[in-house]
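One structure, pasted below without further comment.
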């Protein structure tokens, strides 16, 4: 199996999914064409750029490889051109965000391993690659960050990264192990949104009645 | 022509302009002396530090070269000492921000090319150098980020970086091509503020009546 | 004296203090278990990761060395398990934040010097290591950043870094000079909170009656 090609395809697919999620969020805030492109590109490539800086992949692929910018631009055009179709998907931002989360958790972990780093670095940077885009989007759009939501988010990305890195470092990796890792991450995130699953909180009972975020 | 000296002068001038913009914004929020210095320095050097990390210029010039810190400190002193004069300029933060935008778009793109990176990296990092400071200022001051404003901002920086990188990679660079690139960027930004120029938005008609940002 | 061991101990102690501060802040926002871990780890390791990227220590210690993650996890468990005791400390987030500030200002400056960078880089990155965690916490939790508070914060970290770097570069370093640097930083920060010390502000008199931050 060609690891490098699989990694590239996953990374471009994640870029597309996150760019759609960023473009929809930016369009909902009524940004102009360029603002939409900037947000879509930041969401799509921000997490990967942080990962590449941390593993010493200079310059980061999101900047140096024209494919990432092209994919983000195509995602913006698709979002603007077919907005009514994109909107007809229920909660489109959340859906594409979940798909990007799973793809980036796996591809981010793979790239860190390819660069010779240990399992801990790969798990943490897989999670960072996955979570980074959404956090950047929410900080730039001055929204409540996804990490503060009650539903499962960072832990879904972590689960995907742990399965992928575990399979590889324990020698159990097969052609389908990356797909399993992605499916677990996307499934956890999407089901937690549908059924309002959430991890236990540790609030005092007197605080519990208050809204969890500002 | 001595590229390196031109690059240094542009970079210090952009540092001064952004530091003034940061100091005025911090003073308007009634921060103490150190808060003003921290914000001014972050705005002035933040974008350049991100650029240097991405092109592998370690340690970043903004940290290692005492001139940048000195320039930011002088800008703070000028702002505090001559605040009534600085204020008499109409919208001083916006004016100095526009000048810094143009200077950094060009100097950031030049530095990426000097380090041997390709045209795409140079254009994206020129834009990042230019936009980064203002975004950091607005995130730290919990203001609506400039990228969310309706007026032309990121696209002005992009135009400046594209002209500079285009002139150099196509062999058309002359002594005045950096100045043209800067003038286009600063002019686009400043005129868009004066005349409320903006790129097309793609809002649904029912949303358009609402304010574009929170 | 074994510099490297002292540096490691200081760094882990600062990690613990900042992780407690992050965990308490995240718990007060009613985040779930994973959200608390993510915030605690980001606060504890965010400043150090920025420092390591700037000095070329790839991969950053906070990612590659399992001790940092373990310390952050233990801090979360301590916070959740002994929350009533942690709460009984007056203003626990502020106290642990002050301790982390002092430890990181010194350990961050030491690491930059160990990597062969000059005094300016060491002072600026010591301050960044110290201030970074709190800024990241406040940006992620959408709170007013500590840098905007009236009390002494960044200047306390700067004082600690200047004393440590000054003692080393001037050849005055002794076994106790790092402890002096830390004590000055922690003392300045804590006393400024207790007695509402603050640096001069430069507001117009007509603005001074308004609240300093939004």
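Annotations for the structure displayed:
Which chain is which? They are A, B and C, in the order written, and residues in each are numbered from 1.
Simple rule for what comes next: contacts are C-beta pairs under 8 Å (C-beta built on N, C-alpha and C of every residue); 3 or more make two chains touch, one makes a residue touch a chain.
Which protein is which chain? UniProt says A, B, C = Trimeric intracellular cation channel family protein.
The shown structure was predicted, so the numbers you read here are calculated from the model rather than taken from an experiment.
Superposition of subunit A on subunit B using C-alpha atoms only gives a rotation of 120 degrees, nearest 5. Where the sister copies subunit B and subunit C meet, the same residue numbers recur on both sides for under half of the interface positions.
Taking the mean of the C-alpha atoms as each chain's centre, subunit B and subunit C sit 29 Å apart. Among all residues of subunit C, those that touch two or more other chains are 53, 139, 142.
Across the complex, subunit A is touched by residues 27-36, 38-39, 49, 53, 58-60, 63-64, 66, 69, 80, 83, 139-142 of subunit C. Subunit A meets subunit C in the complex at residues 53-56, 117-118, 120-121, 124-125, 131, 135, 139, 144-145, 147-148, 150, 152-155, 158, 198-203, 207-208, 210, 212-214.
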